[in-house]
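Below you will find the structure I want to go over with you.
Each chain gets a letter, A, B, C and D, in the order it is written, and its residues are counted from 1.
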Amino acid sequence: MKKEGQTIGEVLRQRGISRRSFLKFCATTASIMALPPTMAPVIAATLEKTKRPSVIWLSFQECTGCAESLTRSHSATIEDLIFNVISLDYQHTLQACAGHFAEHIREEVIAEHDGEFILIVDGSIPLKDGGVYSTIAGMTNEQILKQTAAHAAAVVSVGTCAAYGGIPKADPNPTGAVSVADIIKDKPIINVPGCPPIPVVITGVLVQYLTFGLPELDDLGRPKAFYGHSIHDRCYRRPFYDKGLFAETFDDEGAKKGWCLYKLGCKGPTTFNACATTKWNDGTSFPIESGHPCLGCSEPDFWDAGSFYKSLSTPTGNIAEKAIYAAGAGLLAGAAIGAVHRTKKQAAVRQHRRATIDDLGEGS
Amino acid sequence: MTDVELLLWVRGPAFDIATVILCAGMVIRFMEIFMLGRKANLAEARGSEMAGGLGTVFRRTLVDTGTFKRTPFTVVAGWLFHIGLFVIIFLFVPHILVFEGATGLSWPGLPSNIVDAFAVITIVTLLAILIHRWRDPVLRLLSEFNDYLVWLVTFTPVLTGWLAFHRVGAAPAALIAVHILSVELLMVLFPFTKLSHAFTLWVARWYNGAIAGYKGVKS
Amino acid sequence: MEKVESISVTIQKRMTPRCASPDEATSVTPTGNLIPLLHEIRHALERWLREGHSHVIDLHSLPMSPDEQRQLLDLLGEGEVSASLSALGNSEVIETAFAGVWRVTHYNDDDVLVGHFIEICQAPDILKSHPDDGRLALKQLDDLLSSVETTA
Amino acid sequence: MNGPSFERGYNTLKEQIDAPVAAFFSSCVHCGMCAEACLFYTETGDPKYTPIHKLEPLRKVWKQEYTFWGKLGKALGISKALSDEDLSDWETLVYDSCTLCGRCSMVCPVGNDLAYMIRKLREGMAISGHAPPGLIGATKRAVTIGSPMGVKFPALQAQIRHAEAETGLTLPVDKAEADYMLLLSSMEVMNFPEFIGAVAKIFAQAELNWTISSEAFEATNSGIQIGVSDIAAELVQRIVDAAENLGVKNVISPECGHAYMAIRWEGPNLIGRPYNFKVIHILELLEQLHKEGRLKLKDKDVRRLTYHDPCQIGRRGGVLEQPRNLLNAVAANFVEMPDTAGMNWCCGAGGGVSANERADELRIRAFKRKKAQLDAVQPDALVSACANCRIQLEEGLEEYHTDIPVVSLTETIVEHLDGLGSKEGHPS
């Protein structure tokens, strides 16, 4: 299972992957990372000489969508190459073995590659009630995570659940779900959020890590290379936003003409992801291109950030109702205060003593 | 508190609170004004109070040429930032959505790059106005804490809004949250400061015009 | 290079009626990136001739409307060289009508476009044979020869 | 109990504040534009003359008595209560440097009627003992003698006789059931007596049934200038009584600014009831007669004439088009000054400033604004319709060595009246 000591280049050659294929892979990966195309040869040269890393993939409270995203949504082509670049030694869904044997492999990798392997996590970790809501082989997710992460070189949190808690953490968060970063504090963590994340972004992050080491992260722990721009910034419908042309409903003229979906609740302006450039389903399209506003799935708490179909800058409460009640209350309070003032003024009028020239002081 | 939690709070409870304070406060202000009453005028009228009042409500938006020549900065800067605020508040699409959400009324907005230009003009004008307030002897004499506070709470939403639009300085959710928060501060302070002139000035102008109109004078 | 400049004027004329057409429901407003891109190509070509530096432009990260992309291809045209590669899916390497300006297009196994580059160079790297591969080939050829000679 | 006191003044201010005042103070944004509308500021450059600043004592009372937050601030000790010292500090601002001309009220972008508020503030100032001695003296004379300048009826009688001798007409005194009762200002009686004869000539030509009351001929009202409504009411009541006793249909307000304000606009409100007669300004009457063809002119004045609107007649009184109609009828070469009619600059002596000797120097300084206006049009003569304005204009022009004759509009008309011999020379 393990190809101890082999470089990625050696592995690729062994598997009959030509140098041109590899160059092509590097060129497209650099393109996804928005790196200058001239970096492709550098990536190629570095990867060639890099030792093929061992990877443990842990799945916790998740829907397997992230793994599906990576393995199934694209046919086994360029993205598949990542499985040649890495040695995926443990992954529930993909590995052939099961039960004690599978767990044994995990322990073996930890022992053999202590401090060198990459830990990929998808799914959030339940902490409530001692973490009983998700256990594997009698261990809680938290225990497995802590035990494994302690020996990892770095952790990659794939998917919004692992990165920020995601849907399990959504209100009312029945399992007390938390993100990887909430538990692991002493290892570098790269968040690759998205529900699911874009497949090529997952592979891109791994390539980036292998080539350049720990990537530059934004304040939410995401690699800037992939999450550096908002959907809005890169959206092909942006010109309509700038011109003030908006679809008002899903089937009006504006929608048919492909106008901006901001009014339909698009979270593009506050969502950082590569959807608008990388797109989905073999580069076919992305939600906005299909006519649906961005849900903001790569952002923390996206499930609870108000309605998917309400613009993100609008108040969530019933403002008109509150305004009417407030005005009513103001009317009553104002009448009371006004009455006090009125009484005071009337008292002043009553106190008025008719003024005569004797009340003026000395004249000249 | 994460950015999104903050954003949800400012869009939810905080906006409710600000709305309640703004509405109740302004109604109280108006009640305080109107309940002081006004004596009926016993002199024989030469003109109409209503016509004079309404006329001045509109006419006073413009200034006579002589005064304009004497105080061009105040007039031009005042116009610029008021128009700027109007465009920003009422013609920027995300803002129209707020009004639509509250009232159900909607109207077409302007392209965002035009609103952006107005925002820049407004920001520059407001800064110039602040400097003018410091330097002009009359304004220095008149100005009190209230004036600077009002300037600040007017300037902040424009600046934070502009930053949020360009997504400069922080995460967009945080920028929007801070922007909405600054608007809420404006709303909360509205009834208690001279910001309330936005509502009371129509009453003031009407009274001015009515007093003059009764005597047959256009004021 | 006056040729490119003069063409660019005609493009704008052609662009306007196309994008203004209300029937084109899917038409997207032009980004205005076409002309600057042509200038970039021109400068890169000039630099390559002067200093020998090759240059790669990643069209993927450059926002352009479908119309503009079509126009770009039309304008660059096709030259004498056209190569196709079979490596993790197909790839096309085409010299444009402008010598030294190449279009490199990558597809995956499903023939979905995954990369689109313009390279300004003598020949794109991906076309060239790698010395390591050459060394391997030499060895294989030697083996072949020896086996052929042995058989003979 | 009697005599001025701060408490009485404060109480009066509480009485004076009404909805417009509250709306005005609520709306002020401290833009400072009113300063540029005030001749005391423009001619001195001293920011303390900014109109809204002059109203600070009234604003304090409004805020601390009639706003919830102001009351709270006062209760918590954040804002200081109004003191007698404040009123004392503001005395010169409220009286010496404000003519109640109301030009600021025309300029304020939020629509504050600042003159309306100064008028109210003076009520509190006067009764707390912070009125200028000059105005106090004038008010006392008005009440005790019947005229601020101390003019009694015999003095007027002498002028009437003089006018009768000059014109050959009989001037009716105390004529019951007359259509018109003419009021005069003591300034006209003392300084411009020719006005009486001029009016008599016009009325004779128009065959007007008119009279002068020996009981109440004085039109001026120091009460509204000093700001004591009780006294102002007493002075108005004298005219009302005389007019109603004689049973006249109309009372004519003469060429005096504040007199018109007092009798026409403030009067019914001061005495608390509408009149049984109409009040008409002499210029309104003349224009009406001219329109009706009862005022025939033999020729036109060829001099370059310009018109100075007395503030209380024009901007604050509403008689703006009549003088212009008359001037266009009588003058071949009538020109308007820049900033005219509703936006005219005050002469600098109205609102009791001329009666306040303490303000003399400032008053002459403020006249520079009028001087600049005149320099812009360079008239041969300056026409006005207020005796008080005329004195200030003459004094000011002399001070600044400018030789422009100042004439009354009524007298200008008389000079060109058809059918009756005109007086020799120009009045000066």
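Note that a contact is a pair of C-beta atoms (placed from the backbone, for glycine too) under 8 Å apart; a residue touches a chain by one contact, two chains touch by 3 or more.
The structure presented is a predicted model; accordingly, all values stated were derived computationally and were not measured.
*Asks:* What chains, if any, are shared contacts of subunit A and subunit B?
*Replies:* D
*Asks:* Going by CA means, which chain is nearest the middle of everything shown?
*Replies:* Most central by this criterion: B.
*Asks:* So using the touch definition from the top, which pair is joined by more C-beta contacts, B-D or A-C?
*Replies:* B-D
*Asks:* What chain is the most remote from subunit D, judged by the mean position of CA atoms in each chain?
*Replies:* It is C.
*Asks:* Could you please state the distance in Å, as a whole number, between where the Cα atoms of subunit A are centred and where those of subunit C are centred?
*Replies:* Spacing between the chain centres: roughly 34 Å.
*Asks:* Averaging over Cα atoms per chain, report the distance between subunit B and subunit C in Å.
*Replies:* Taking the average C-alpha coordinate of subunit B and of subunit C, the gap between them is 56 Å.
*Asks:* Indicate the whole-number Å distance between the mean C-alpha point of subunit C and the mean C-alpha point of subunit D.
*Replies:* Distance between chain centres, rounded to whole Å: 89 Å.
*Asks:* Specify, in ascending order, the residues of subunit B that touch 2 or more different other chains.
*Replies:* Only 28-29, 32, 34-37 qualify.
*Asks:* In subunit A, what residues contact two or more other chains?
*Replies:* 243, 337, 341, 345
*Asks:* Could you list the positions in subunit D whose residues touch two or more of the other chains?
*Replies:* 17, 66, 68
*Asks:* Strictly by the criterion at the top, what is the full list of touching chain pairs?
*Replies:* Listed by label, chains in contact pair as A-B, A-C, A-D, B-D.
*Asks:* Contact residues on subunit B for subunit A in the complex?
*Replies:* 2-5, 7-8, 11-13, 15-16, 19-32, 34-37, 93-95, 97-98, 101-104, 108-113, 167, 171-173, 176, 180
*Asks:* Along subunit A, where are the residues that touch subunit C in the complex?
*Replies:* Listed in rising order, the residues of subunit A that touch subunit C are 17-21, 23-25, 27-28, 30-32, 34, 36-38, 40-41, 74-78, 81, 234, 236-237, 239-240, 243, 256-258, 277, 282-284.
*Asks:* Help me check something: in the complex, which residues belonging to subunit A touch subunit D?
*Replies:* Interface residues on subunit A, with respect to subunit D: 337, 341, 344-345, 348-349, 351-364.
*Asks:* Residue numbers of subunit C touching subunit A in their complex, please.
*Replies:* The touching residues are 25-26, 28-29, 31, 55-58, 60-61, 63, 65, 85, 87-89, 91, 104, 106, 108-110, 112-115, 117, 125-126, 130, 132-133.
*Asks:* What does subunit D use to touch subunit B in their complex?
*Replies:* The contact residues of subunit D facing subunit B are 17-24, 26-33, 35-37, 41-42, 45, 47-48, 50, 52-53, 66-69, 105-113, 116, 264-269, 272-275, 278-279, 314-318, 320, 338-339, 342-343.
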